[in-house]
Amino acid sequence: MIVDCALYRDGSRVQGDHDLQAMRARVQQPGDFVWVGLYEPDDEEIAQVADVFDLHPLAVEDAVQAHQRPKLERFGDMVFLVIKTLWYVDADDAVETGEIAMFVGEDFVVSVRHGQGTELHTARDALETDHQVLGHGPGGVLYAVIDRVVDEYLDVVDELVVDVDEIESSVFSTDRTNDSARIYVLKRELAEVRRAVLPLREPVVRLASGDVPAVPESATPFFRDVSDHLARAAETVDSLDGLLSSAFDAHLAQISVQQNDDMRKISAGAALVVVPTLIAGIYGMNFRHMPELGWTYGYPFALVLMAAVAVGLWVLFKKSGWL
Amino acid sequence: MIVDCALYRDGSRVQGDHDLQAMRARVQQPGDFVWVGLYEPDDEEIAQVADVFDLHPLAVEDAVQAHQRPKLERFGDMVFLVIKTLWYVDADDAVETGEIAMFVGEDFVVSVRHGQGTELHTARDALETDHQVLGHGPGGVLYAVIDRVVDEYLDVVDELVVDVDEIESSVFSTDRTNDSARIYVLKRELAEVRRAVLPLREPVVRLASGDVPAVPESATPFFRDVSDHLARAAETVDSLDGLLSSAFDAHLAQISVQQNDDMRKISAGAALVVVPTLIAGIYGMNFRHMPELGWTYGYPFALVLMAAVAVGLWVLFKKSGWL
Amino acid sequence: MIVDCALYRDGSRVQGDHDLQAMRARVQQPGDFVWVGLYEPDDEEIAQVADVFDLHPLAVEDAVQAHQRPKLERFGDMVFLVIKTLWYVDADDAVETGEIAMFVGEDFVVSVRHGQGTELHTARDALETDHQVLGHGPGGVLYAVIDRVVDEYLDVVDELVVDVDEIESSVFSTDRTNDSARIYVLKRELAEVRRAVLPLREPVVRLASGDVPAVPESATPFFRDVSDHLARAAETVDSLDGLLSSAFDAHLAQISVQQNDDMRKISAGAALVVVPTLIAGIYGMNFRHMPELGWTYGYPFALVLMAAVAVGLWVLFKKSGWL
Amino acid sequence: MIVDCALYRDGSRVQGDHDLQAMRARVQQPGDFVWVGLYEPDDEEIAQVADVFDLHPLAVEDAVQAHQRPKLERFGDMVFLVIKTLWYVDADDAVETGEIAMFVGEDFVVSVRHGQGTELHTARDALETDHQVLGHGPGGVLYAVIDRVVDEYLDVVDELVVDVDEIESSVFSTDRTNDSARIYVLKRELAEVRRAVLPLREPVVRLASGDVPAVPESATPFFRDVSDHLARAAETVDSLDGLLSSAFDAHLAQISVQQNDDMRKISAGAALVVVPTLIAGIYGMNFRHMPELGWTYGYPFALVLMAAVAVGLWVLFKKSGWL
Amino acid sequence: MIVDCALYRDGSRVQGDHDLQAMRARVQQPGDFVWVGLYEPDDEEIAQVADVFDLHPLAVEDAVQAHQRPKLERFGDMVFLVIKTLWYVDADDAVETGEIAMFVGEDFVVSVRHGQGTELHTARDALETDHQVLGHGPGGVLYAVIDRVVDEYLDVVDELVVDVDEIESSVFSTDRTNDSARIYVLKRELAEVRRAVLPLREPVVRLASGDVPAVPESATPFFRDVSDHLARAAETVDSLDGLLSSAFDAHLAQISVQQNDDMRKISAGAALVVVPTLIAGIYGMNFRHMPELGWTYGYPFALVLMAAVAVGLWVLFKKSGWL
């Protein structure tokens, strides 16, 4: 689906039209460029776009198929970028991933989006009001999109920080919690984020270094800023992963400690029953000469003895921390 | 065994013949080349091929013996590549490995295949219909073979993803599963894949960089694409390995939690027997003055008391989660 | 809030005034410079400063928002540095973090501080008495601030060394301690410190190498010294983290050993009750011909037998280390 | 002990003699060289050799003392190589290490061997029949020795692969095996191999790159081949080490699972005794009105009841997998 | 304290005197140099030395304060080296650390020692008899000191190897040992050694590469030798650390196995008591018709039955390995 297609000149939107061929023909002055936005295009649409802008077949293939790695490729003067989008689904505490592929030439940008995250329509609206960034031409569009995507990485990471905090509380609560499944799932989410963030670092560093044709020298500080945000996301993810590993270890220790506590509680409880049973056994012996058996209050005495021993043991275990 | 031997000119198959000497003699124009395909050749066959194409003895030795590391070697103008093939055997959830060695000269390609995986006959058929790639000459054949092999890596990796998902479900199921053996076996399979994938990355990067004589500049984007697929395979394998380690840890935690649950269940069950035993012991004492013993309904009373205590304990343990 | 603003010439404070525009105008000779110190400035204040010193908007944005990564950026002749401040709060054994951003131009320094740590007022006072360092100009101020911050890193690290020593004693004490929560928290603090220290290493190395415009060649040994302190902090943090991991492992082992000891103690204790119960059961049997039952001292004999067996077992278990 | 000393010319052995001085004097044409083979020489022998071939004292010291690290040193035109030898002792499943030091000059090779492994006499015999390799001069000898040593690394690694397979079977067998000691010992053997293999990689890469004076350009493919074998050995060792770690984890899990199984078996067994004891206790109560006590078949009834309960429990536990 | 101060010429000691100013004045010919040895100097002493040899204040500060990192700094023509000394205290199996700082100029060496280890007096004596090394001038002194220190590293490492061997024996002995504390302490010692060894590698490599002014080209093989020893120390430390981790894991496994063994022993022991108790309970039942009760030998029969059952169980458990 062609979402939008517009011509930009001197940092402003000039005209929008879905007839790509006509739009490209209107590119006349240096600095003019067309931005075509596609969402999960079918084969015909992408073929038409590839034809109009003369895109390399290998890049087109990558743009159509989702599940690519983030990467930056140069085909002559054209730059091809694949970037993963991430968003956090509150309902099931999960991180979902989509993809944006961008073809950036001297006078055009083609963006191809897959999945629901990081919708580009508002990004385009915001950019159209920011004439300074838009004035950098196709490189400005590239920056705006990457910046938007990376900002959403940071949002996702912030959600994960909250999740790790929750797990932490759960692990160290006195409740009998089984946190290993949750830790596992969160580790998998972190791995998901890492797969989006890490391979993007090298492309962004290259963009920030200024040796990519689409990015004018004046735009490099913007990409350095993105690179910095990306580094922050990566560091936080690594740090969370380390914390989760430690939290898991602590969880294991808690299980062991709890088992030990339980074992001691059980043993103490057993003692409260077993010792009176011994007393009952003693007074159940059949010796002919057992003075207590003849006492009027022998039976209450035995019961009191059992109770006293049980209470005594209970106090003892309570004091020593076994109960 | 010589599987096939053909002369290619301008991206098309010209002629096929098993007489290597004659075939090579037919190479006349620049761009002509012969592709000889061997399958587990015996000494005589390989000696003949080595003689016709003047192959370096060390490379020939490596091509004959299986169990080499993936590598790319230059011998003057000739390039020698060893690549491992992988395939997944559904029957026993195992990854099997074979090997392809390729000698790529200016006007010839010799491929030597070992093991059952990644059969090259269909690869040759497919290539013969793709005149664009075949037009790149021996480098195009090299690409076609590597691309085919790496695509099968991705297939194998996809199967392993499924296996890891199964283990995940098994670990976190409430069933009493013993997953450590399966995790171990899968880790060994991943190590197998890693041994094929990792050493291949450097050769493919060199091919993509264009400083290998057999690969024309125009063919480098194809190898960059392969390099990207390889990186994806490597990343997925690493990620799976990390997940398996986490899954194993979670499995250990599950075992501990289960042991604790079992211990508490056992203890609660024991209490249901031991406390009535104490009561029976009490009424088995031989005191002369025990009013209950003389009651008409003393015996039923005692039985009801035991049952009541047992039921009471059962409710208590049920409520506290011990049963 | 503008904390202080002063003009420096030849290594001495010349004049202080909060009117930035006027102050900058007074910069006349080469070597003159203005140092403006801000504390958590509001938007208006920072806008005014940015205007007077012509600061890059991206850097200004980073300076206002806290939670940046430590970094060194060049914008033309100006250098922009972000550095994290750390301080140790005794009350809750926690490491807190703040931030200092510095803009260093040829004739000015603007420092922006966030959070309570590493207050710069005393750093300025100290620097104003050290004409040698101040004589290096803006680079000298940069050094003075970084040096102060890094010295406080070392203080924080020293506190953490003490905490690790305490944990060590606790883990290996014979008391029944639950150290996993404390180890976890300390690991999190170390991760906090690492996030401040590690990304700063590369900026300081660049400052020490002398290829940063604000730092004259003669000042590089000072930055090498800072780099060295930073390396020391990083090494100690790594070393503490490794020790904590080992301590955690040892803690797990202690738990297991203790559980084993407890189990054996419990079993030995149980034996002291269960064996006499068997004896009581034997003399509770209803055989007609049991000579002991008719003995005058049969009952005392049975009690003594029980006591003797219990004592005997106690001695046995004591000797074998089970009690 | 001087094992052998011979003059080589044009790839063939010309003459053998133990008088080193005389032998060296016979070196007349370019390409002539002497190969002296020493086995654990005493001080006098090595001093004589050092004198004849003008060896650097530091290298001589290293060659005499065993327990050096593998390394390649250049002293002017001379190359000094230390390489560790490995061999597998079947009797005690252990890897033993020796050492070979080689001095390689323009017209001589001095090899000094320590320990029993990788005896060089047969290597010399084999080399003397391989005129092509021998024709490369001292560099050919160097290759032949390193190749022989590295081939034995691969043999040792193959033995260790077998050992790991055995441990694997043992860990996952249903027998109650205690594999931790064996895993530990094997890990130590692997560390031994790694200490021989890893430091050798850099020297061999340097030899293969052709910037070592003793190695002519034409001989570099041979060293690349050795480098490849070395890489294979290193990868296999790493892979085995990882497998052993996983196997150890699995072993720990097996122990836990077994403990759990045992605990449940014990508990089920206990129930078979405890519940009948309760029944016996009930019929041991002294109530005046207990109809069963008067039944003619009361006693057999009680015994049958006990047996029935025990059998019932046994069936129950069997079904639920506890027995 | 000034320990010694002497003038050296042509590899020999010429004159010793504690008047530094005078000594330095006696340096006349190229190659002459003064070596001043200080032990934990007070402020006045170091100030005097700094004044005579024109030492950089930052280096002087580092030399006075202990607890620096090993490092090599260049201040113009002067080289400043900090190196940690290690020694093993047998009494408490601990590694202690000291420090040596050296200022090496064209015509002087100043060594400043802290702590008890690696006393330099004997090093100076030995050097004064080794005219060859001393002939390399200040660089020779530098070598002699570093070589001495690194040799002591190797001694310390050898002691640690012995400690690890002891722990190994203890872990795998059948005794009930608690090795986790010892393993922990040894890991801490290894970390201590690593902190001395690792940061020294880069300085020594720089010294061996010959781009340090104080070290003449001819002296570089000596530093390569030191570098090699350092690498050996580092490798051994890493290897020991890995072994200790494995040993700790094995220790954990042993604890678990032992707990399992104990649990089974306890259960078997309990069965020997519980089953006879059931028999006693049966003959304690009050049925009117129990033929055994009337037998003359009923009581002995019951006792024998109990004993027989106990013996039977004992044999059974013995056979199945539970006792």
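In this document, chain identifiers A, B, C, D and E correspond to the written order of the chains, with residue numbering beginning at 1 in each.
Here is the rule we use: a contact is a pair of C-beta atoms (placed from the backbone, for glycine too) under 8 Å apart; a residue touches a chain by one contact, two chains touch by 3 or more.
All values derive from a computational prediction rather than experimental measurement.
Within the contact network of the assembly, the step distance from chain C to chain D comes to 2.
Contact with both chain D and chain E is made by no chain of the assembly. Put simply, the C-alpha centre of chain C and that of chain E have 26 angstrom between them. Averaging C-alpha coordinates per chain places the centre of chain A 42 Å away from that of chain D. Counting partner chains per residue, chain A shows two or more touched chains at residues 252, 256, 259, 263, 270, 274, 277, 281, 284-286, 290.
Chain contacts in this assembly form a single closed ring in which each chain touches exactly two others.
Touching chains close into a ring; read starting at chain C and passing to chain E, it gives C, E, D, B, A.
The residues of chain C lying in touch with chain A in their complex are 56, 58, 62, 68-69, 71, 73, 75, 176, 178, 180-181, 183-184, 187-188, 191, 195, 199, 248, 251-252, 255-256, 258-259, 262-263, 266, 269-270, 273-274, 276-277, 280-281, 283-286, 290, 292-299, 302-303, 306. The touching residues of chain C, when paired with chain E in their complex, are 168, 172, 221-222, 224-225, 228, 231-232, 235, 239, 242-243, 246-247, 249-250, 252-254, 256-257, 259-260, 263-264, 267, 270-271, 274-275, 277-278, 281-282, 284-290, 321.
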